[in-house]
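There are two complexes below, and they share chain A, which is joined by chain B in the first and by chain C in the second.
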Partner chain A sequence: MNNRLKVLRAERNWSQADLAEALGVSRQTVNALETGRYDPSLPLAFKIARVFDQPIESIFSE
Partner chain B sequence: MPSAKPKRPLTGVAAFGLVFGLSVLIGVFAGIGSIFAGDVPGPAGLAASLAVNGVAMAGALILCIWWWRRIDEAAREAHKWAWWWGGCTGALVGATILLTVLSRDSDMGFGSLPLHEVLVAGMGLMFTCQVIGYCIAWAVWWVKRR
Partner chain C sequence: MSGLFPASTPEWARQLSKAVLAGAVFGAVGYGVGRLAASFFPGLDPTLPDLRWADVAAGLVAAVLLVACLGTAVTSIDRAALGRVLKLEGPAGDAEVRAVRLQSAILGLSGVIMILPPILSAVSVPVTASLAGIGLLLVLHTTLNLRLYRSVDELFRRVVVEAGALTFWLGQGLLFLWAAAERLAVAPPLTAWDIYVVLMGVYLVVSMVVTFRRGLA
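Up next, the complex of A and B:
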């Protein structure tokens, strides 16, 4: 699964640690998400969508 | 009026350190308790040993649950993957060694050892192999996701 996490984070000038804190996960998890090597659970995907104020489908794609 | 700073839950290395430290204390408790309970003969001694070991294991389980609730979903996934693949592979390696060694009793000389020593050695071997497999699998999971 592909995602736009890195782009969205860069647009907001957030570090991985900032995003990790907003999501309540570790920085390593944010890194794994951004590289596309770890697919989030549905609850975490919804949380990511809330943090970036965007629908899930605009963040994640197949 | 300044608002009170919200208390952040203990996570990460600090939580791991606390769990590790308390686990060591539980181990010390179990060790000392076993020494005293081991000196008590009969059913009372058996009950005392069971109580000491049961309390220690319950404490370890409580610590485990407390720590598990503080790690995020990727960390949990890494541990679940390591538990299954690392633990099972380690158990297979341990079982292979154990079966080989036990089937060569005449060469290894285990027949002269008391049964409980053979059991403890076998359990120790299996546990060690599983822990090694677990650690390798856990590291592999994270390295693949860097």
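Up next, the complex of A and C:
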């Protein structure tokens, strides 16, 4: 699965630590998500959508 | 150390070279420490006649765990280096250092627990005391593991679950093949210790693969 996390984070000028804190996960998890090594659980995907104020399907794609 | 390799060297080759070099250095140091220990404890004969292949394998698994323990503990001293190892933007923070040190303690304890049964069987310690000691260490190990599991997020938990599932799948396959061969009288019977050591060896390899694959190291 692909995602636009890195782009969305860069647009907001957030660090990995900022996003990690907003999501309640570790910086390693943010890195693993951005590099496509890990697909988030459904609750975390919803949380990501809320943090970026975008629908899930505009952040994640097959 | 990166200056030792040509720029075109793939990352896996660099990591493998470093691992081999570290193995050689730690192997030599371990041999020296072993020889020294043997001179201090003459009763601990390193050429024990009842030393079995599973004991040697347990020693190998324990050595890998103890080296990993030492490596992570040393890396956790330098926050910038730890940040690079964990692939973070910038140096590691307090929470990351704490988590890595807890993992280091668990790795070290795992190594000690792994090698204790062959050592205790070779020295004259009462069996009850040996079992009680191993039991206490196992309780401590489980407590630390639970504490770590409760403190981490879903990625780390996924790695633990995936490693456990893969180990079960591989382990049951290997065990079935051996059990079938044993039933057909073409393979010697195994002991619980043999099976445990193989299982832990498989778990060690699988958990390293899953950890790298998920980008945790």
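One rule holds in what follows: the second predicted complex is superposed on the first by the 62 of 62 C-alpha atoms of A that agree within 3 Å, B and C clash if a C-alpha of one lies under 4 Å from a C-alpha of the other, contacts with A are read in each partner's own complex, and residues count from 1 in each chain.
Keep this in mind: a contact is a pair of C-beta atoms (placed from the backbone, for glycine too) under 8 Å apart; a residue touches a chain by one contact, two chains touch by 3 or more.
What you are looking at is a predicted structure, and each value in this text was computed from that prediction instead of being measured.
In the superposition on chain A, A:A32 makes contact with both chain B and chain C. Look at A:S41: by the touch rule set out above, it reaches both chain B and chain C.
When the shared chain is aligned, no partner comes close enough to touch A:V51: not chain B, not chain C.
Shared-chain residue A:Q16: touches chain C; no touch with chain B. On chain A, the surface patch touched by chain B in one complex and by chain C in the other comprises residues 24-26, 28-29, 31-32, 35, 37-38, 40-41, 44.
Looking at the complex, you find that chain C touches chain A at residues 86-90, 93, 95-96, 99, 152-156, 158, 213-216.
Note for the complex: chain B touches chain A at residues 12, 71-75, 77, 142, 144-146. Of all the residues in chain A, the ones that touch chain B in their complex are 24-26, 28-29, 31-33, 35, 37-38, 40-41, 44. Within the complex, the chain A residues that touch chain C are 15-17, 24-29, 31-32, 35, 37-38, 40-41, 44.
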